[in-house]
Amino acid sequence: MALFGLIEYKDASPEVRAVYDDIMATRKTDWINNFWKALAHDPVTLKRTWEDIKQIMGPGALDPLTKEMIYLAISISNGCAYCSASHGVAAKGKGMTKEMFAELLAIVGMANQTNKLADGYRVPVDEVFQNLF
Amino acid sequence: MALFGLIEYKDASPEVRAVYDDIMATRKTDWINNFWKALAHDPVTLKRTWEDIKQIMGPGALDPLTKEMIYLAISISNGCAYCSASHGVAAKGKGMTKEMFAELLAIVGMANQTNKLADGYRVPVDEVFQNLF
Amino acid sequence: MALFGLIEYKDASPEVRAVYDDIMATRKTDWINNFWKALAHDPVTLKRTWEDIKQIMGPGALDPLTKEMIYLAISISNGCAYCSASHGVAAKGKGMTKEMFAELLAIVGMANQTNKLADGYRVPVDEVFQNLF
Amino acid sequence: MALFGLIEYKDASPEVRAVYDDIMATRKTDWINNFWKALAHDPVTLKRTWEDIKQIMGPGALDPLTKEMIYLAISISNGCAYCSASHGVAAKGKGMTKEMFAELLAIVGMANQTNKLADGYRVPVDEVFQNLF
Amino acid sequence: MALFGLIEYKDASPEVRAVYDDIMATRKTDWINNFWKALAHDPVTLKRTWEDIKQIMGPGALDPLTKEMIYLAISISNGCAYCSASHGVAAKGKGMTKEMFAELLAIVGMANQTNKLADGYRVPVDEVFQNLF
Amino acid sequence: MALFGLIEYKDASPEVRAVYDDIMATRKTDWINNFWKALAHDPVTLKRTWEDIKQIMGPGALDPLTKEMIYLAISISNGCAYCSASHGVAAKGKGMTKEMFAELLAIVGMANQTNKLADGYRVPVDEVFQNLF
């Protein structure tokens, strides 16, 4: 159960409802997932977090599916069950197939392995890798 | 400095050279980056790791750029300086622009934030998120 | 269920009871929480861990509430469900309100975000930040 | 060196300068630390991150020193060198003494230890710990 | 429940069965644990992961029990419930007693503590520790 | 440089010297490594940490080399450069060969990979793995 329970739309304050309305309008859905209903106990954090997500996951240089898959990959790597489940479904909704998910997961696993090998062998960064842009 | 030093091609055993050759042929380059030169002290791990990477990062359901960016995102999230540098350059070589990198980084940061919020508020997984496929 | 079960006072050896007695006396309570009952299978670790906690969380330069909130923040950040629950209640018992908890959680989330941004952008430590005292 | 270099005030765009001005006004200082100068390459992330920090670390239920110490504790626990250095100095500026820092660090270490013990022994959450408020 | 369900031997494709057969032959058992049945949805990852594990955990310079205990220690430290359970039983099957497990767990906890203390105090590596071999 | 500098024996208080003396006597060496010299700024933490380590790493059910290798594996997995270096040399001093180290590192990498795969595929714990002893 959520730490403080989940705040449904009908029980929400006007400021919380305003965020819920914007979430539904932005996502073109008619429901609110539990993450927001749990955060609604702290309306300031609810609003800030939603506006951040909306900005970061909105139109940009990366396409929406790639964004969701990066979010999903981090969530799995961090072991966040809720975020892995919600961003998994979001990524699927934007086109992620089962095959793409399996490859994503293989990369998450492999990266976690080589991250440790690189650290363990104390590999110095190649000259040519030192500047990215 | 690498823990055991870096093994250059000219000093490598035939089995290590065979891996180096395959890396260069696969990547169409004429040099080997430090990660492999450090792993070469354990030829079995060198070969296994290379073959794994080659398989995972090879053609599949995800395009090569997306694969590199997922690898990069995990490496940054895990704080692996070497992997962040090398996969950053690899992703750039496959088309990642500075704007795309900035968005990737913003997502890594945001995911790390909401992963903690979801756990901290003990948000239960929505019924509709429980099955992915 | 705990890995080896939980050892109740009535079933405990004299050395385990001595630790339980000290926990109850120090905390002015008449019960023992599961963490200690699980550790009691290894009386040496039980005693060492309790004495460490007692020393670290005892009177010092930081007030008891601040200590509990730091402990809680780390536990949430690490995703330890048991420790988040137990130190949450302990912090509440020392004065943490729901508003304080919400702010603590917001800071945990934000720190996890900027930790990744600082690493991702490879921000060099400012000269003026290099020495703390 | 920062990944994309550091953007100084004199070289900054008007939108970046506006954030820098707000940072200096809010913190009552006349300089900008490297974190913001590195983020300035992505003005949208710069502005969002600053506004988030300003809101989260601003006046609230927790006093400013406690907020900084929680931020610092997480940063140390996550191994973020930059954040540990900058929030260490910030906490000191708000009253953290060397003794308080040593206690904070002891708690960070202890929490990381018991987090693993609780997980390792699979300790079930006590009934009385299941609800926080 | 596993994300995509578990693939039993009787429902498996020939390539999956070939891996299952090798697992059972190598481990001299007549059953397959859930990890492999879950991975079987991605036969390429199933085969690669099994062959990696078989190579890494096979005969070498470290004895089988030590290998299992290192695997177990990492799994507990990372909070992977499945891996902690499966490698715990595997280690027990190779000779790990309850006393050995308790010591292993104490080391995992202590290492997590001192890792943070060493980072927090920014301890420079002693000259004599800089080279391992 | 260490956060507060390193306290040498000649500059140490009697209580710090007592710990240093015990470290040298226990380890049969005539020098103190930097970790303790850094912790000496907090004599209470110095004494507690040393006594914990002495107890945990002392004679028990696991042999000294296995203990050191578990400590080392966790330290590498956590990315603690100091601890990886110091426990690497300690393990070598107790018999770890280069081949053993390479295998240890391969296991650390593999465990980090499969930990993520098991979580990502949400593998349920097999009935037979649920109880360890």
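A, B, C, D, E and F are the chain letters, set down in written order, and residue numbers restart from 1 in every chain.
Here is the rule we use: contacts are C-beta pairs under 8 Å (C-beta built on N, C-alpha and C of every residue); 3 or more make two chains touch, one makes a residue touch a chain.
Since the structure is predicted, the reported quantities are computational estimates derived from the model, not experimental observations.
Colleague: Could you tell me which chains are in contact with subunit A and with subunit F alike?
Modeller: Per touch definition, common to subunit A and subunit F: B, C, D, E.
Colleague: Determine the shortest chain-contact distance, in steps, between subunit A and subunit D.
Modeller: 1
Colleague: Need the most distant chain from subunit A, centre defined as the mean of C-alpha atoms.
Modeller: Farthest from subunit A by mean C-alpha position: F.
Colleague: Give the label of the chain whose average Cα location is farthest from that of subunit D.
Modeller: Between subunit D and the rest, the longest centre separation is with E.
Colleague: If more than half of the interface residue numbers appear on both sides, call it same; otherwise different. Which is it for subunit C and subunit E?
Modeller: The interface is built from different residue numbers on each side, given that under half of them are used by both copies.
Colleague: Taking A-F as the reference interface, identify its repeat among C-F, B-C or A-D, namely the pair sharing over half of the contact pairs by residue number.
Modeller: B-C
Colleague: Report the inter-centroid distance (CA atoms only) between subunit B and subunit D in whole Å.
Modeller: Each chain's C-alpha centroid was found; their separation is 28 Å.
Colleague: Using the touch definition from the top, which residues of subunit F touch two or more other chains?
Modeller: In subunit F, the residues touching two or more other chains are 3-4, 41, 45, 52, 56, 77-81, 98, 102, 105-106, 108-110, 112-115, 117, 119-122, 132-133.
Colleague: Please classify the inter-chain touch graph. Allowed labels: line, ring, star, complete, other.
Modeller: complete
Colleague: What residues on subunit B touch subunit C, complex-wise?
Modeller: Contacts found on subunit B: 76-77, 79, 81, 84, 105, 108-110, 112-117, 119-122.
Colleague: Can you tell me which positions in subunit E touch subunit F when the two form their complex?
Modeller: Residues 1-4, 6, 33-35, 38-39, 41, 45, 49, 52-53, 56-57, 60-62, 66-67, 69-71, 73-75, 77-78, 80-83, 85-86, 88-89, 92, 97-104, 106-108, 110-115, 117-126, 128-130, 132-133.
Colleague: Within the complex, which stretch of subunit E touches subunit C?
Modeller: So the residues of subunit E touching subunit C come out as 79, 98, 102, 105-106, 109.
Colleague: Any idea which subunit C residues touch subunit F in the complex?
Modeller: 3-4, 44, 48, 52, 55-56, 132-133
Colleague: Could you please specify the touching residues of subunit C with respect to subunit E in the complex?
Modeller: Of all residues in subunit C, those touching subunit E are 4, 41-42, 45, 49, 78-80.
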